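The chains carry the letters A, B, C and D, assigned in the order they are written, with residues numbered from 1 in each.
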């Protein structure tokens, strides 16, 4: 993650010409990264491009691939979508070699900047080292200051570079030892892939907050953030990388080491119910089925006398199908999404600002007029989208609008690699459910309960003594220290 | 439309740097254009950009806007999406004035080229004239040869330029008369908007094959290809422009003239059931409802003992919902679409060619495994997509795959502005339904009947004496002459 | 030439991205174009690129090449220098074929715009036709209006396009007849090259104002504006194209026709003494020697008691050498020119505006301090450059500065293809020599006389009854009508 | 300098799109860098841009400027000429602040790459630090390996980055002490400017091999590589920075420290006689006058019976004037240079390869035919240019060609920041003067003697005990160790 606001340096070289103006969709949460790695396959770069394409929902601002061809590393990092950059013959031909790692990035408010695009690369005394990272280190700024005082020079504001400098300055001998040594000082959530001239490395933080999965394609080990990146290349799912596990893949095979003593897993519950693609398997559960179950749970917790169930496309669709089935109401496409909305539309056209959400969503009047509508979305963050959608649905002639949210109220920011607004901008941080209902203008508003959420993922409920997941955004129960925040460094 | 293959000239100036390599999605039909016009509104350019954005599904290769500010015309034409170009302040600030026309273009195999991007502009002796056109003129090449022999010089291969030269060389006096005169020689389908220093003009061909709609925003007349372009700017729907009607909008108001004697309308049935956005009203019918009715009709005509109904997203979704309801089977998202698939992905990565359709569609195994699946799509053109989807669904563990197509078999090319493969590449031109079933590998295959299709749009069936629509792609019954084709000029 | 100020249309598409901001060097005259043609040589495009490179001084804003490969025409037109565009393999590989024409363009105040870059290309009924033109047609706007009234549509504001439309609409049969017919209506100065699928054509206006030369390389005919374009490819000089001559080069050989009855030649005296490269042979005279002779003549007409002769580099260098030799004074490089001054420097840096000419010229103090300096330049147009140079030389310690100008005072604009300021901005149009001396701040100022100038080109003096050259800029004696100017169309 | 061939990493991100293909002019030597600094002037960035423009001859591949505005540093680095980049309002407006440093770079064979463009910037624990460097460190790779082993991570292959890491890892306290400490380990030639939030710093290596000059503009201190960069902004020359001097300029004034004990100066004799602009004052001598004296010395050492003296423009012009005066022969422009030759022309056009030097130089036949020619150039490196020029002059009809070179034979490479071919490619490393004469095909060949060269700069001759200049390229007498070369690291 980019540590915001700390550098007074402003780089405005050529790279800025490539800067895409974009309006952050500030009413949704964003996963910040997806990673991919492959060892020993003749199509390493192409497989990585395909895997990153399947993981595109985890980061759309930029992507990068590093390959090693036995002699040289080749590095390509580009702002924009995978499909817009990593399909050009000129780019792909340069990515020679049978080992590769790749990274998708969702940029935060600091803006897109090639300097922060991953994988990062460093020339160690022992040779080249490339790394791509998903997550966020909660003491990155603290560590950076310490390293700078000892003479390390940082080129980016990425917390990934902190890991590189920790490895570079470790007093241990071989690389695996240096990595284990470096990570002892690191707090937070991280899943990373790394590539050297001899090794593909994968590592997941001690709590396993962010996902990392091991697969196999024709004998070549594959590392991915989500199983959909295995599907796209017809690779087999082998297993999840364990929390605190360091995987070292060489020509001789796969070695597993630990970077920490085993702890209880606290994987992010939002990966399953929100970020991941519906066709992914997360923590052994089919994401689409989980979301339908949340919808059904929501129907049980917040039933209502209505005519139709309408999803906010596409994020609310699986839960709406579940809700419709459980409540025996018709499922109807009452809102049509314009898929050509890129990240760029709204900002520059002043006239458009006032028209807001209709750029992306239009009411389907024929469906909505005269109906009592259950509107299902996956989350409510700032509430602005919900407010506009309620208006859109009403102005198309709906008699009643009942908003149902397939996640609990969210009053807390995430510090583990999810781009959330500041706490003060989260509607649930300062409003009751009834206040939120009034804010968005719905006739009723219902959130799935936290226990209902846990039931949808197969638990009997939340174990408050020892929670089965990281759910800090809902509960405020952060499983690691937040050192930079405590020191007001971020 | 671009007349293919006739020019031996190859322009490769700077414009070609902007050329986007793209793989035509050759297994779907493409509408070629969308048009928009507004007269006398202070935000003319912004409204046009928004309208074109809502019409983006009608043409994604390029877009253009022409405005007139009382003194000058301003012309911006760009390859790429509306949202990528017509949101830049630098572009929008140049589009001064309160009258504007705009155009979206879907380019054919000849490739994207700024020369062919519309609106086209010409300096007549009487002043500037901009025009954007949706449709295809079936004697454009014949007319072009005639004009060239009299000394007209063509700059593009667009049939729109033929209209411009006919107007320029007309021996009539005022512009309206020149247009009516020019169009007497023109065969085919066309709906166009035009802008002069004093007038906004809209015109629809004598049979009304392509749509054109009149709306109103705060007293300013608006012309659009589909009603969704009115919705996005909260404009009112007034009426359809009539077949053979020439609308001349000036400061004094709206004048309606005829370019031909009234004939029976033959509007394109595919606009309603295939191209138009589901939230548009086409020929007074809600498109989404029509598609659900086709799905229900399909369930009646081709019922099957199955477990779930799965749409090919997003094109097959409304029909699948209709099918599921009519057959009382669960509607499930068994195929997940990757919305980040641009037009560029497949080609350059060789390894990807063999993986084909999974770039765009992935099976949702949890849903499909062990199920008898009804798979619903909107059309079957070459059959390659259907074949791959049947494989994808089977390889995810489906026990049976029953393909249902929400349109009749299509053995004929369109010559009225829809980009269809040549007849020989249309599967239905040389295969029976059973042969097609074998080709795509489905357990059963059913198309909605031609009469079923007419019933879904509210008719009792097709009136074979005097068909209510243009349905030449299904029936081969072309409502105009195809002069260029007869002369082997195209 | 671009007809200034007539069109209210503003094209601001992608092409404008390529627009080079540039400050016209408004205190010098600029030749507007150079042309090149080759017939039947395997390296046609490369030879053309080289020839245009040698003619780069005749136009730096843009260049274009058209080739014909027996099947197709290939067109490349680019803003910028020949060496920056026509050396890229991607560009050169597209220019297939063994016949080619090329064109360098110096853009006028209307600004660089790909639409106006030549060669222009048109698809006639009889096939493709490319043309590149050097000169200016003095009734182009008048002809354009006439053509537009008959239905011709103009795409550019280039007077070259007027020639194309005249040929297209001629009622004659074969191309040569159509060209002769078209040119009957054309007034002004023009030398053009044209290419069809079978012919290379060269033509010079009836007075031969602008140059055109026939050469030969290994049996392939070559047409060039100046002999230096023959030298660069080691081609032989054959002869000048005659005034009023139309050369038609085909596989069968070279045919010469006349477009007018023979008249007395009035070639531009400035080609020889000012625009042409010093190593060119113009009208059978070595340009460098002519300029040295003008310097010597200047020494005779305006001798002065001084210490050193200093050229304004590089334009004044040959005349300064001639002056130094004739006056037996040392020739010294007292002003150093920065060759990295492109067209872009001065404008944007506000601070630089006040420092003006030093961006391009710096005083060489060691040479100038304490000296009485004769400063030699080739012309005095607005006087601003001379004023600054006098200051620069004085501030470096020169005791006296005697300015000598190697051309007569110039009170008149050129309408034959040379970019001159309007008459009102020409210093000599409203000042006596003494007033000009005061304006530039020199201790003395001397111009070569008009008869002195004629003597340097080998004449006894100017024949005022029947002048041997076009010298309208000095004398106001225009050898053709200026129809557009008389009609206030330009 | 970029250390060639040491890194196996290949960066090919977006930056490579900006890569200019260029043919290194391999038969001339190239200065690698120019630097500029200004403290406390409201137009800091504009002055820096102008200064870099005046120093453009010292490096044409790239330029960069860093400013500090009291809060932030602003960094702009661009490939290409100063005038093409640092005149754009968008660029200049970003360079806020009243302190600035700038750098011109001549890239070596490794190619242009934004990563290596200076000034480099690093965020030290104590704040930002920007540095631009002229010269070459002869133990840079050795130091880099040592630093990497301690954990420093290098982003570029620039030896300038080595200086940054040495400062960052110094165990001294304040910046000035850290710099002095860091430089103790550094061997070679360097003159650098640096900028922090409080200081402008200038430093020259202990022998003063590369130049650095202190000037003043309206009370603001200025640092420049050559005096011509003072002239362009009308700044005053104050003094040369002394060898081994560290200048620290703050708001309180100018502090001078020493980085080494005083040694005898060994400034590069080539700065004066070859690289510097003729209007610069180098080591208190006017460069133009020095070159004329070398020409005169050459006439004395190698007189010949001839008709004219012709310079190879523009490098040989001052010496040719000196030669002509001393030998009383006419000075004539027998070779015309095409100033539009950029760095890009020759390579891509195959046909051009054989035509070679004529792209840049054309014979002026009228001058040369029938003459005995003395051809004067400034140096003879590989001999290929001289060979071609002799041919060009002969083929224009010269009877005899006598080549005179205004520097001694050069058998040795430079390791102090001048881009020289490897020793094996230097003609003088393996040929006698007579062999070289035959190689280039001249009738006679003469070089100025080493003592003659020293006399032209005001010495009685070379003091072989304690040479007054660095003249290693002529004599092989390197004034510092060449550690990397000895260790085969470069």
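Note that contacts are C-beta pairs under 8 Å (C-beta built on N, C-alpha and C of every residue); 3 or more make two chains touch, one makes a residue touch a chain.
Quantities reported herein were computed from a predicted structural model and do not represent experimental measurements.
Undergrad: What chain is the most remote from chain C, judged by the mean position of CA atoms in each chain?
TA: Measuring from the centre of chain C, the most distant chain centre belongs to A.
Undergrad: If you average the CA atoms of chain A and of chain B, how far apart do the two points sit, in angstrom?
TA: Using C-alpha averages as centres, the distance is 36 Å.
Undergrad: What whole-Å value do you get for the distance between chain B and chain D if each is reduced to the mean of its CA atoms?
TA: Comparing mean C-alpha positions, chain D is 62 Å from chain B.
Undergrad: Averaged over CA atoms, how far is the centre of chain A from the centre of chain D? Could you give it in whole Å?
TA: So the centroids are 50 Å from each other.
Undergrad: Among the residues of chain D, which ones contact at least 2 other chains?
TA: Touching at least two other chains: none.
Undergrad: So which chains actually touch one another? I want all the pairs, not just one.
TA: Result for touching pairs of chains: A-B, A-D, B-C, C-D.
Undergrad: Give the list of chain D residues in touch with chain A in this complex.
TA: For this pair, the touching residues of chain D are 7-15, 18, 71-79, 94, 114, 121-125, 128, 145, 148-155, 164-165, 168-170.
Undergrad: List the residues on chain D that touch chain C in their complex, please.
TA: Chain D reaches chain C through residues 21, 43, 46-47, 49-50, 53-54, 56-57, 60, 81-84, 86-89, 92, 228, 231-234, 277-279, 281, 286, 288-289, 314, 317-318, 321, 325, 330-333, 336, 338-342, 344-352, 355, 358-359, 362-367.
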